[in-house]
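As written, the chain order gives the labels A, B, C and D, with residue 1 at the start of each chain.
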Amino acid sequence: MSAFLETLQLGRTFGGLKAVDDVSIAIQQGELVGLIGPNGAGKTTLFNLISGFTAPTSGEVRLKGERIDGLTPHDIAQRGIGRTFQNLRIFPNISVFDNVTVGAIGHENIGLGSILPWQKAKSDRITQKSFEALQAVGLLEEADQLAANISYGKRKYLEIARALAMQPDLLILDEPAAGLNETETQHLASFISRLHQEGRTIILIEHDMRLVMSICQRVIVLASGRKICDGTPDMVQKDTGVLEAYLGVDE
Amino acid sequence: MDYYLQQLVIGLSLGMVYALVAIGFTLIFGVLNVVNFAHGEVYTIGAFVGLLIFVSFAPPLVVVLLVVLAVGAMTGVGLERFAFKPFRRFNDEATLKSRAMREATLMSSLALSIVAREGIELFFGSQFQSLPLKHMLNSPIKIGPVTIVDGDLIIFGTSFLMLAGLQFVLKHTSVGLSIRAVSNNPLGARYVGVNTDRTIAWTFAVGSGMGAVAGILVGLYYGAIFPAMGFTPGIKAFVAMVMGGLSSIPGAVVCALIIGISEAMSSIFVSSVWQDLVAYAFLIITLIFFPRGIFGGARERV
Amino acid sequence: MKNRRNILALGSALALATLPLPVYAQQPTYKIGYQLPLTGNTAQYGIDFKNAAEIALDQFAKAGKPFKVEIVFEDSRSDTKEGVAIARKFVDDKSIVGVLGDFTSGVSIASAQIYKEAGMPQLSQTASHPDYTKVSEWQFRNITTQAQEGPLNAEWLYASGYRKVAVIAEQTDWGQTVVSNFVDKFKALGGQVVFSEFFNRGLADFRPIITKIARDNPDAIYTGYFYEDGAQFLKQMKQLSVTIPVHSTSASYNQQLITLAGADAEGMKLTATFLPNNPAKNVQDFVAAWKAKTGQAEPGQFPAQAYDAVNIMLAALERAHPNVTRKSLRDQLAATKNFPGVTGDTTFDADREPAKKLVRAQVKNGTFVAVDQ
Amino acid sequence: MNASDTSHHRWLWTGIILTGLFVLVPLLLSLAGRSYFYQIANTIMIFALLAASMHLVTGVAGLLQLGHAAFYGIGGYCAALLATHFKLSFVVTIPLAGMMAGLIAFLVAVPTMRLVSIYFAVATLGIGQMLHVITLNWVPVTKGPNGILLFGGMKVFDIDFSKPVPAYYLVAVIVAACIYVIHCLSHSYYGNALRALREDDQCADAMGINTPRLKLESFTVSGFFAGVAGALWAHTAGYISPADFNFNVSILILSMVVLGGLGSLPGSILGAIILIGLPEVLREFKAGDFRNIIIGIVLFGVILFQPRGLIGEVSALDFIRNQFGLGRKAKNDANKTDGKQMRVGWL
C-alpha cells in the first residue's frame, strides 16, 4: 500500500540556499506525525511545498498516490489537505462563524451559480459543517463575534475549526501551541489527540518538544533542510544527530 | 535625422519633468508603502506659492526655490499629520503594514487633495495664472541641430541635486538612517529606539518639499500654473514609480525618462492624442509581465 | 437591505420639498434661467458669462422697460449629471420662460433633451456642436459655428498665398468641426493640407507636435484652440524657433492669450466677431461696464457672446410682452432679425443658427487689431 | 447580514422597500410637482447601482477598483451605438450593454487577476484611463468627443419613457432588480468567499477557495452591472460623451462606497444618495461655490472618524442567534441540532 501522503526527494532552493533538500517522508492514513527541527530547518517551507504555496525545485509530492506538486493551493486544499498557519491568519473583519464557513465553502467549491435557488442544498451543507466544526472546538458561544474580537487562544481554535470545516483527509497544524501558556497547551494537546482518535490524519509542526513527544506516534526531524531522523519519540530523543542539530555541534 | 534628435531631446526634457515629481512620490511610497494621492496637490501648492512670491517680491530664483521647499515641507508635515498619522493608531506591525491602512490613507489623501484643489480653485479661479513672463524658464538655447531651453538645464540640475542630496541624507545623516530603518522594518526600528512618528513626518517633509519645488519649476518651465496642474504629472510619476519597482528612486527616475522619451517618440508615428496611452500601456505591461518593476531587483511588495 | 436607502431617499426628498418656494409678485417679472459652470475646470468661462449677463441685465433695468427680468444662475460644473438636473429645475419653475447656456456643447445637448420634451426655449452662447440645434426647434445658439468660420478662414489663408497648410485642433466636438470645415473648403480651393492632428485639451507640452509640423514645413498653421492652449502653443513655437505664421479661430480671442504668451503671440491672425476696440457705442459701453465691474482688461470673445445672448433674449421678451409664454418667447427668438449686438448683427436662420459677420484680426503690439481687408 | 433578516422581517422590509420605492417616493415627488426631483432620483438610482456594483468588487471582494467609470462608459456607449445604428429598443440594448461591459471586464480581468492590492488598483486605473482615451479618440466608432445623441426617445407600448415619471419607474425597476441580485450575491456564502478574499486571499486559497476564479467572476459581474447603469444613463439622458465617464467619475463612485462603508451594501447606496444629493441640497442653500470642498471635507471626516464608513460591515452573524437561537439552544441541545433547520446564507 502506498502511503497516504509522501514526498519524494523533495527540494526547494531560494537563491543558492537549499531550504528543503532531498526530503522524502511518508505519512500513513490515521497517523499523527510530529515534524520538528531547529529554527530555519525548513519545516514551514516543507509545509508550503506540500500545501502548494511554494513550488518545489525538485522532487514530487503525492497524495493518495496522485502527484499534487505544482497544483495551486486551492486545488490541493480541495483534494483534502487542510492547514493552519504559523502566524495566525484568520479573517479579522468577519464573524467567527463566517470564518469557519470559508473552509466549508472551499470544500463545496462554491461559484457564481450557487445563489440560484436549486443550489440551496449546498448552502445547507455548509451551514451544517461549519456549525459542527465550531461545536468541535467549542466556539459556538462566540459564533457571531467579529473574529478580531476574540482572545488569542480562541483564535487558534478558530483556525483549526476553519480547517476542520474543509473536511480534510489530512490536517496540517503549523505551530498551534506557539504563544499559548502551559494550561492552554495541555488543553490543546488533548484536543489534538481527540482529533486523532476520531480517525484524522494529522501532521503537527511544533517547537514545543513536550507536546510533540507526548502525543505523536512518530516524529520526523529536519535540520538545515534535510531529514535527519524519522522514528518514534523515544528513538528521536536518543538520536545523536538530532542532539547535534539542536545543540549546534559542528559535523 | 535632426528631427528625430529633436524629438529625443524633447522626450528627455519631458521625462525629466516627470522624474522631478516622481522622486518625492517614490520616497514616500518607499518608506511607508502608502500611495499619497495628494502629492499632485503639493506640487500645485508649490507652484502657487512660488508664483505669489514672484509676484510680490520678485527675488532671485534660488530664493524662491528655497522658500517653496520650506513651504512644501510644512505642507507635507501637515498632510502627514491629518491624512496619514490618524490611521497609525497602533504601532504594531500589523497596523503599519496592513492593507486597511494603505487603503484608508489612499482615500484620506484623496479627500484632502479634493479639498486642496477646490480650495485653490475657489481662491484663484481655475484658469491659468498670469505669470510675469520674464521669470519663465524658456529661453531657447541652440546646441547644434537641436534646441533646448534654460529650464531644461535647471530642471536637470535640480533633479540631479535632489537625487544626490537625497542619497547623502539617506546615507550620511541620522534622519536618513532612521528613514531607512523605518522603511525596512517599522516595528524593528521602533524597538531600537527610532521615533517612528517623527521619522515619517521627516519623510513627508523631504518628499513634499521636493514635490513643491517640482511644481514651481515645471510651472515656470511651461508658464502654466493652474489648480488642476498636478493631475497629469502625478499619474506619470505614479507610473514611473511602479515601473521602477516601487521603492527604488533611481529606478523611478530612469523610468520617468523612458516614459518621456517614449511619449515624444510615439508622436512621430501616431497622433499625439494617443500619447497618453503610452504611459498607461507601460504601466499595464510592467504590472503584468514585470511585477517587480522592469529592473527586477527590488523586493516585491504585495 | 434597501430599507435605509429609501428612508433616506424619502428624507432627502422631504427636505428638498419643504424648502420655501419663491412667491411671485403681481408686477410683470419674467425669469430666465442661466446654466453655466461656476466651479470646476471651466469655471473661468462661466464666471465671465455671469458677469456679462449681469451687465446686460443692469443696463436693461436702467432702460425703464415695462417689465422686470430676473436671471437665475445655476452652476453646472460642466457636468452632464448636474446640467440635466438644472434643466429639470428650470422646467419645473413655471415662472421661468427661457433658458441660457450651457457652456460646453455636451452639457447643452444633454439639457436640450429635457428642454425639448418640456418645450422651453434654450439659447446657448457657445455650444458649437453641429447637432445642438438639431435636437429640436427649441434650441438656438449665438455663436458662429465653424461651418461659417472655417470656410472664411480657408479663403483668407488661400488668399494670403498659402498653399500648404498644417491644421491642429483640440480633441473636442468643437475641435472636430474646426478641422473638418476648414479642410473641406481649403481643399476645394485647391490648397493642400499637409498635416492634420488633434491634441488633448490641457496638454502642457506641444513641442512634439510643433517639431512634427516644422518637419512638414507648411506655409501656415491653422489652429483650433482656446486661449490657454493657444498661449502654450505659441510660446513653445517661439522656444523651438519655429516661425510659421499661425491662424486661429474666434475661440482664441482673449486678452489673456497675450498676457500669457507675451511677445510670442505677436503676429497671430484670427477671425473674430467682437473686437473691444471697435468704436461702435454699444461695444464701448460694454467694454467700459466690463472694466468697471470686473476690474479686468477688455472682455474676450466669450463674455461678449454671453452679453449678446442675454440681450437677444431680453429683446425677444420685449417683443413677446405682455403675452409671455415659453412658446411665444421661442417664436420671438426665432424672429430675431438684425439684432445689433457687440458681436455684430445677429439673425437666426430657419435652423436657429446665427449668421454673423466675422472680422479679421491680428495681434499687434500686444493687442488685437482689425486687419484691413 | 443583519439581525432583522429573519423570515417575517424579511418580507416586511421587502414590502416597505418596494412600497417606498414604487408608491411613496413617486407620490411625494408628484405632490412636490417638480420633475427636478425625479431627475435627481434617477441620477441617484443609477449611481446607487454603480456604487452597488463597485461594492461587490471593492467592498466585498476587496479589489480596489479605480477604473469603474470605464465599464459604466462601455455600457453607455454600447447602448447608445446599438440604439442609433440598429434602432434597437432599450429593452434589448440595456442587457446587451451589460453583457458587453461584462465581457470587457472579463478580458481586462484575465491578465490582471493575479495582481494584489495596490498593484491591482493601479492596473485598473491604467486600464480605465486607456479605455477613456480610446473612447475619446477612436472617432470612427465612438464619434470621439462629439458624443452620441439619441434622437429616438424611449417609446414602448405607447409609454414614453423619456417623460420623468415613466423614466423613474423604468430606472427604479431595473436598479432594484440589479441591486437585489447584488444583495443575494454578497449576502450568501458566495459573498463570504469573496470576503475571505478581501481579508486574506492567500489564506482563502489554502482553504480551497478558487481565488482567481472568484476574482474574475466578481469583477465581471461588477462590470456587467456598471454597464447596465451606463445604458440606463445613456437612454435617460439622451446624450453621452466621453466626459461623462472620466477618472473623476471613478473616484466619485469609489467615494460613495468608502463613505457608506466598505463591505456594506446599504452603505454604498447611502453613499450614492449623499454624494449625488448633497451637491443639490447645497445648491438650494446657495452654498454653490463651497459645495465641492464640503464634499471633500465630508469624505475626509468619514474616513477619519468613521473608518468603517457610515454603515460599516455589520456584525455578521447576529442573525444566526436570532434565527435559530443557536447560542442558547447549542448549550442544551447541541447534539440534536439539525442542519436542515439552519437555513442561513441569503434571503
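What we mean here is this: contacts are C-beta pairs under 8 Å (C-beta built on N, C-alpha and C of every residue); 3 or more make two chains touch, one makes a residue touch a chain.
All of these numbers come straight from a predicted model, not from anything done at the bench.
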item: Neighbouring chains common to subunit C and subunit D, by label; value: B
item: Greatest separation from subunit B - chain, by CA centre; value: A
item: Centroid distance [mean C-alpha coordinates] between subunit C and subunit B, Å; value: 37
item: Between subunit D and subunit B, distance of the C-alpha-averaged centres to the nearest whole Å; value: 34
item: Subunit A-subunit C separation of Cα centroids, rounded to whole Å; value: 71
item: Centroid distance [mean C-alpha coordinates] between subunit D and subunit A, Å; value: 39
item: Contacts with 2+ other chains: residues of subunit D; value: 136-137, 289, 292
item: Residue numbers of subunit B (touch at least two other chains); value: 118, 122, 271, 273, 276
item: Multi-chain contact residues (two or more partners), subunit A; value: none
item: Contact graph of the chains (line, ring, star, complete, other); value: other
item: Contact pairs between chains, per stated definition; value: A-D, B-C, B-D, C-D
item: Complex interface listing, subunit C residues touching subunit B; value: 39-44, 47, 171, 197-200, 202-205, 207-209, 211-212, 215, 228, 231-232, 235-236, 238-241, 256, 259-260, 262-263
item: Residues of subunit A touching subunit D in the complex; value: 51, 53, 72-74, 77-78, 82-83, 85, 89, 91-98, 101-112, 114-115, 120, 122-128, 131, 135, 140-141, 143-146, 162-163, 166
item: Touching residues (chain side subunit D, partner subunit A) in the complex; value: 184-185, 188-190, 192-193, 195-196, 198-200, 202-211, 213-214, 217, 221, 263, 313, 315-318, 320-321, 326-327, 330, 334, 337, 339-340, 342-346
item: Subunit B - residues contacting subunit C, complex; value: 3, 6-7, 10-11, 14, 118, 121-122, 125-128, 130-131, 133, 136, 138, 140, 142, 147, 149, 222-224, 226, 228-229, 232, 263-264, 267-268, 271-273, 275-276
item: Subunit C-touching residues of subunit D, taken from the complex the two chains share; value: 2, 13, 16-17, 20-21, 24-25, 28-29, 31-41, 43-44, 48, 136-137, 139, 144-147, 149, 151, 162-164, 176, 179, 183, 187, 237-241, 243-244, 265-266, 269-270, 273, 276-277, 279-281, 283-284, 288-289, 291-292, 311
